[in-house]
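Below you will find the structure I want to go over with you.
By written order: A, B, C and D. Residues from 1 in each chain.
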Amino acid sequence: MISPTETETAFDPNADRLREECGVFGIYGHADAAALTALGLHALQHRGQEAAGIVSFDGTRFHSERRLGLVGDAFSEASVIDKLKGKQAIGHVRYSTTGETILRNVQPLFAELHGGGFALAHNGNLTNGLTLRRNLVRDGAIYQSTSDTEVLLHLVARSRKQNFVDRFVEGIRQIEGAYAFVGMTNKKLIGARDPLGIRPLVLGELDGCPILTSETCALDIIGAKFIREVENGEVLIVSESGIESHKPFPPIAERPCIFEYIYFARPDSIVKGRSIYERRKAMGAVLAQESPANADVVVPVPDSGVPAALGYAQASGIPFELGIIRNHYVGRTFIEPTQKVRELGVKLKHSANRSVVEGKSIVLVDDSIVRGTTSFKIVKMMREAGAREVHFRISSPPITHPDYYGIDTPDREKLLAATHSLEEMRQFVGADSLAFISVDGLYRAMGHERRDPLRPQFTDHCFTGDYPTSLTDVIGESAKQQISLLAEAG
Amino acid sequence: MISPTETETAFDPNADRLREECGVFGIYGHADAAALTALGLHALQHRGQEAAGIVSFDGTRFHSERRLGLVGDAFSEASVIDKLKGKQAIGHVRYSTTGETILRNVQPLFAELHGGGFALAHNGNLTNGLTLRRNLVRDGAIYQSTSDTEVLLHLVARSRKQNFVDRFVEGIRQIEGAYAFVGMTNKKLIGARDPLGIRPLVLGELDGCPILTSETCALDIIGAKFIREVENGEVLIVSESGIESHKPFPPIAERPCIFEYIYFARPDSIVKGRSIYERRKAMGAVLAQESPANADVVVPVPDSGVPAALGYAQASGIPFELGIIRNHYVGRTFIEPTQKVRELGVKLKHSANRSVVEGKSIVLVDDSIVRGTTSFKIVKMMREAGAREVHFRISSPPITHPDYYGIDTPDREKLLAATHSLEEMRQFVGADSLAFISVDGLYRAMGHERRDPLRPQFTDHCFTGDYPTSLTDVIGESAKQQISLLAEAG
Amino acid sequence: MISPTETETAFDPNADRLREECGVFGIYGHADAAALTALGLHALQHRGQEAAGIVSFDGTRFHSERRLGLVGDAFSEASVIDKLKGKQAIGHVRYSTTGETILRNVQPLFAELHGGGFALAHNGNLTNGLTLRRNLVRDGAIYQSTSDTEVLLHLVARSRKQNFVDRFVEGIRQIEGAYAFVGMTNKKLIGARDPLGIRPLVLGELDGCPILTSETCALDIIGAKFIREVENGEVLIVSESGIESHKPFPPIAERPCIFEYIYFARPDSIVKGRSIYERRKAMGAVLAQESPANADVVVPVPDSGVPAALGYAQASGIPFELGIIRNHYVGRTFIEPTQKVRELGVKLKHSANRSVVEGKSIVLVDDSIVRGTTSFKIVKMMREAGAREVHFRISSPPITHPDYYGIDTPDREKLLAATHSLEEMRQFVGADSLAFISVDGLYRAMGHERRDPLRPQFTDHCFTGDYPTSLTDVIGESAKQQISLLAEAG
Amino acid sequence: MISPTETETAFDPNADRLREECGVFGIYGHADAAALTALGLHALQHRGQEAAGIVSFDGTRFHSERRLGLVGDAFSEASVIDKLKGKQAIGHVRYSTTGETILRNVQPLFAELHGGGFALAHNGNLTNGLTLRRNLVRDGAIYQSTSDTEVLLHLVARSRKQNFVDRFVEGIRQIEGAYAFVGMTNKKLIGARDPLGIRPLVLGELDGCPILTSETCALDIIGAKFIREVENGEVLIVSESGIESHKPFPPIAERPCIFEYIYFARPDSIVKGRSIYERRKAMGAVLAQESPANADVVVPVPDSGVPAALGYAQASGIPFELGIIRNHYVGRTFIEPTQKVRELGVKLKHSANRSVVEGKSIVLVDDSIVRGTTSFKIVKMMREAGAREVHFRISSPPITHPDYYGIDTPDREKLLAATHSLEEMRQFVGADSLAFISVDGLYRAMGHERRDPLRPQFTDHCFTGDYPTSLTDVIGESAKQQISLLAEAG
């Protein structure tokens, strides 16, 4: 068992987190379409901080603005919004990676098809995207990006159907994986969710104008009304004649990704009538029942561990205290200038609140362990602040398998739980005790009696290895193969 | 009584906050001086987000880098740190305003005096700065900035004393107001605190190298040891021969600014042996005793209201819940693109967590009310989210007087408490009940029996009007007078 | 006859000039491929100042750098050149327009085809590009640019031939118009010139490595040897096995664009064994014979009129003098700040050298008249500087027809010579006499006895309306039709 | 005798040139003051390409804009000009150096004095600037720049005189060297020329508004009328009450710098009633008489050698031909990317026009030889292009002494003529013959019979070592001493 290295993630304060691909937003028929889209994207900023884009249509031309950085940086100037003319707009936020970020991959993508323009924003990941890409290139398609999303543009462009909806449906019938699409033509706003409903998409309304977006918090920020969730396998077509629902796939029970509840969605978003905050508190409460601890205080790893920690504290009666202070001014990276400084093992994002921790037995609550390096450092920081005992409690089960549906997980061998026993993990992070919520406990917190092994209510492949779709690219050839021959020099 | 307007602060999400001028940091004799200064400033980022600067000295030349924006943006690149050569460095962060930000005012200021270079960083505000400036200009001094800090450069430059320390002391003897200075010459690091110790300054040490900085959290981030607070009226001279303490003023009891405890300092900073977090929890507990409420949940206004809300909840036994979610991706401004959008009254920084609030009687806890416009909006947001009753509790007394010591307060007529009775304020913010901690309650939370009216233990002029120094500029001529003839075109 | 307006071109000092699309450069097998390409493009800078791009191939991956601005700005940093790894590179400079410049149109274009990457740089213009584009989009092609060059990428991508050369030839067989292509795959450097050889392309060699470029001056700058001109209708394939010549078109006599000699090529470039400088001096000499003037001095309109003016002066015996001084610091635009200033009719690019002109009868020599507005201003400037008589002599025939082969000419109705008689033109520009070289005189200066009306030795359509190829797009539908639905918001 | 190295100046195409400090412009009372100043500076761009600045006064406040780069880049946007409000403005252009350019040195400098603001722009160089600076710092002055110009600000600030004009005069009485100042207060525009009139300054008028500027070409561009030259030792005060002339120095004969005629001034500028172009042609004619050559063509080194070459050609009857083509797209630097490329000895700025040169005996005419490295390369380029004989003629005498009055000359040991005999110089540059105009010949070209050795009509110290003022800084301590302790990190 190797010992955790300090250096690897020392200065990218988000390196040891799961990250989702995106958030999407679209609105139809509103005079302030682009401004509302910018606000909606701002509310979805937690789903992606790398880049943001908006495409609008003004009745004649499409207008596009795609930028690296936060929504508030890219779209706060009136001059930018003013250029995005028109009553229809769709937008996209994208998660943060290092090195590979290139402007040509920032969404919404846009193509001029025979019949008119088509803009597309995608949350999710296709599991046969590379295979389709190779086939399309063989047939003469030229790609502008390395994004799997572009596959759908080419499939729609090449469809021989007359009707746009038929072309779109012909396109999505060829793709596999997880997707919540928001698209736009010169006449329509389109929403589509994969057959299992892995990624979220909701329908809302403001001033009579339909809205499609990833989470209800993007409706709340603009005072829009929540109508309903888009169903798994449903295609919604919004046009002047109203909203049509299409169901191009055979009916099948939904299996939304359980990580949206554990980690990705904003606490105030509502899914299936219950807030994410409540679900997370319930996970903490189940965890307190399953794995109690004899401790003086419950300390959350902020911010993501706070609701589960509150749930744990309320269920256990142990006081909740802010034993770790988060520095909210941490940007994407903070490069460590010198080796000497690196060795100090400084904590840019978190600092111990010594007065809470010193001399205490603490229950430390976080939502997940990925590589374990951050957990190691936080436990160490608690001990250095004087914690007598550290009982580490995790409000998700051990992550043993990578995701292929839009969550950026490390390779399997880098997942701590894939290669370590529970006791080895405890030793690795350096806690006095370590416990994860059980899979059935997680389902209980979600309001089910337990996981139905025959038809699981969620997709929980990261914990169980039970992938809900075929993984064509993974099995066929290496997903790691180089997609592009072009190394961006800029 | 006018009704609160939505528009004024709608999109500058920080407009209705108090803001402090700065944080300072200096280190002597360390090979990584500039890098450690950058990290220290990062830990002090809550004290100022407008601009940051570092000046180092390499034994021969001084190196200066001053930039608008966050420390992490300006100083994260190794190439920037590499240019700041040398074993001595001082740095400064500056608070965020709109419009008036100009690079020539970013600190540390630097001057080449007869005898060598002198760099200076200042937290605080001089109350006779304008008066001295006028006199110096009359004597032929040319100013490079509009900062009151530059006054001290000129006073030192013009001193006829031989010894640098004597020149510096001659300088500070002429100034009035609040200051924590960190300065640097080619041989010395200098720290100085005003006679009352209004602004904070602490002494620490890393690898045997002395450090001077505003708060202990800047020591913690680099693993430095806290030695002691610099005393009120003390001048510390750090040089090769060690640390000398000078006391150029007659002895007098300290009166630190109580707002550091209520609002400015980071929760994990330690002052007088107790954490700021504990003090704020104690304020919440006192508030619960003084002004109890019959409620279902305690809801903090995040982030600043959280510790007091926890203290209130623990003291009252009412559950603590996150009824408001804060969006941490809000930058300095988010310009509202259109009038239509402005009317939506959107909340970019805060959103209601409906599931916590709906149908409940809530105790809403914040640390202060300044203009009242934000309070009005937050109460309204709680009601729109379904709160049955809103009992608003404030962990500081009513702010009735402006500050002149480095806190950016609005003019007196804009302070809600200066022009409204308690009942009028309650109506203004729209709460079912409203209560502030009492002045004596605040002192109790600080560990004193009560405020000593003859020799108050703190300066609390914003609540009492009891200004601890003369206010030469205010009384003499208007502080609002134009300092500079030069309108920056850039 | 309308009077010339001052305002139209008052501050874009290049608005009343002809501009060519591009210059191209490619090199195969040289360790300094990208650096040499940057230098070659610098020597071709007169062919386009809007943007520049280089694509290299390092044996595994392609590297691309495309930037707005001059070559010297974009490619002078070693860090940029270092990223363009490999021994093969092609590059492109693009001319300067206002408003429509967008990065996605900057060449070389790049596509990943089945079989590998393909980069393409183009000088010229296709006359059936829009028609082909429409057909390809109908078949599902998605365009990344609005450039007609991209058509060839799609044609090659969709070719079903096995061999790359066959696919490329199948592509160029479908296009019409003027082109000098330089392309690159992972194995080959490709050069191709249209069947008439309208746009130039030469083959050179440095250190045994083949080079393809627009003019010999790009060989001179790097000390490369000129080998020969690529023939009209020839396709050159450079690979490890050497240089192959293909002739995919039926043999036909060449008709290079005569404007290269009059205006575009650099004076020191050699075409058909004679320098451009000599040709232009010969045009001036012919002009002196055809249209003598009784004058004191010959004054060129700098810089383009200088060689013809020297030729005129030497042939006529009238002294050559710099009566107009050119300001070489004029950038792309110099926006006129106020109406008042606009009325001053200031000359940013040219100023009169009064001492040469005052009281004199002058022969003013320029290379062309396009709209006539600049000519008007220059004559006026000469008179204001005291010229007694202005005899205006133009070293090209009257431009009566627009170009469709890569020269940016105004619409026909804006061409002064298309709508005015010679006498009207004289009145318009305000000269005492006005004369153009005759078409036959121009051919004489080029070394021919006269223009062969049956098989003209050059294409001279701008003077004669004799377009050498079909004009599919012009005749079919308006070339002015909007190519793209996407208005670039950035 | 060392052989000329290729590498030193290979890629900074301007490294082997003389460069002047600046050009100045000021206007009083015009509604378009800032726009006209920008245009005037554009016409003076040849005097400095490093940076440009404008300060205006609107009746209440001063507005300043100072930028690195060309006037056309910095001041072409209406938004920039709009910020420079007011009817008074002064401006400055600054020459181009590498490395040392820092924004705080860009002029006009501005200071707020007791009594109001004072902006100052300076062309020239003080020979006791460092000495005065040291004294002022000793007295407590704090400098904002490393510019010698700032000395005058402090002298004026510290003057005890009541009247501004008296304070200004007291200031200039303490300085030595060369200066043409344009200054501005809230009531006045000030022009001042040093007692010998070393640097130029002229008075003009537009719409009744007085203008002060370095050359008449800056008047011409805006259609302003030339009134007269400011006299040596004259101070002009422009105010509402008109123009006052002061003569604070004892009367003395003027000695303008002869380099303005040889090199710096624009050819179309008029000095003492004659154009610079005529003077330079006359120098070429004298050179043809003094040093004839048996040659086929006269070839100028463009652009600066053109007028002298024309004069030489006309006087000798040898044809004038453009044997060297200049690339006008060369920016400040064009870094050579690799060693391999460096060895090619490429010429970025000049290329040979082989058809003119091949097989010919040429007279090559340039205006000066500084280090000689450029001359060496140009002669070599002519030989490589086939020149049979190269007779090099220089229209200035040998430069044997550095300048201290605002021209950036290399150290004496780097001046070719300071360390080489004529024959050694000929060998160094590789010419068949080499000749310089004689000092008396130069004076003859200027209209004088010869140089008056007792009271030379010009200052010609670079050729004669006859410095017209005391050189306090040079003699006292090394002028090379570090002025500033602050190394700019940015």
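Throughout what follows, contacts are C-beta pairs under 8 Å (C-beta built on N, C-alpha and C of every residue); 3 or more make two chains touch, one makes a residue touch a chain.
Not measured: the values here are computed from a predicted model.
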Where the contacts of chain B and chain D overlap, which chains show up? none
Any idea how many Å lie between the Cα centroids of chain A and chain C? 51
Whole-Å gap between the CA centroids of chain A and chain B: 36
Chain centre separation in whole Å, for chain C relative to chain B (CA means): 62
Would you mind listing the residues of chain A that make contact with two or more other chains? none
For this structure, enumerate the chain pairs that meet the touch criterion. A-B, A-C, B-D, C-D
Can you check the complex and tell me which residues of chain B touch chain A? 31-32, 34-36, 38-39, 42-43, 45-46, 49, 70-73, 76-78, 81-82, 217, 220-223, 266-268, 270, 274-275, 277-278, 303, 306-307, 310, 314, 319-322, 325, 327-331, 333-338, 340-341, 344-348, 351-356
Residue set of chain D touching chain B in the complex reads 61-65, 80, 83-84, 110-114, 116-117, 137-144, 153-154, 157-159, 186, 482, 484-490
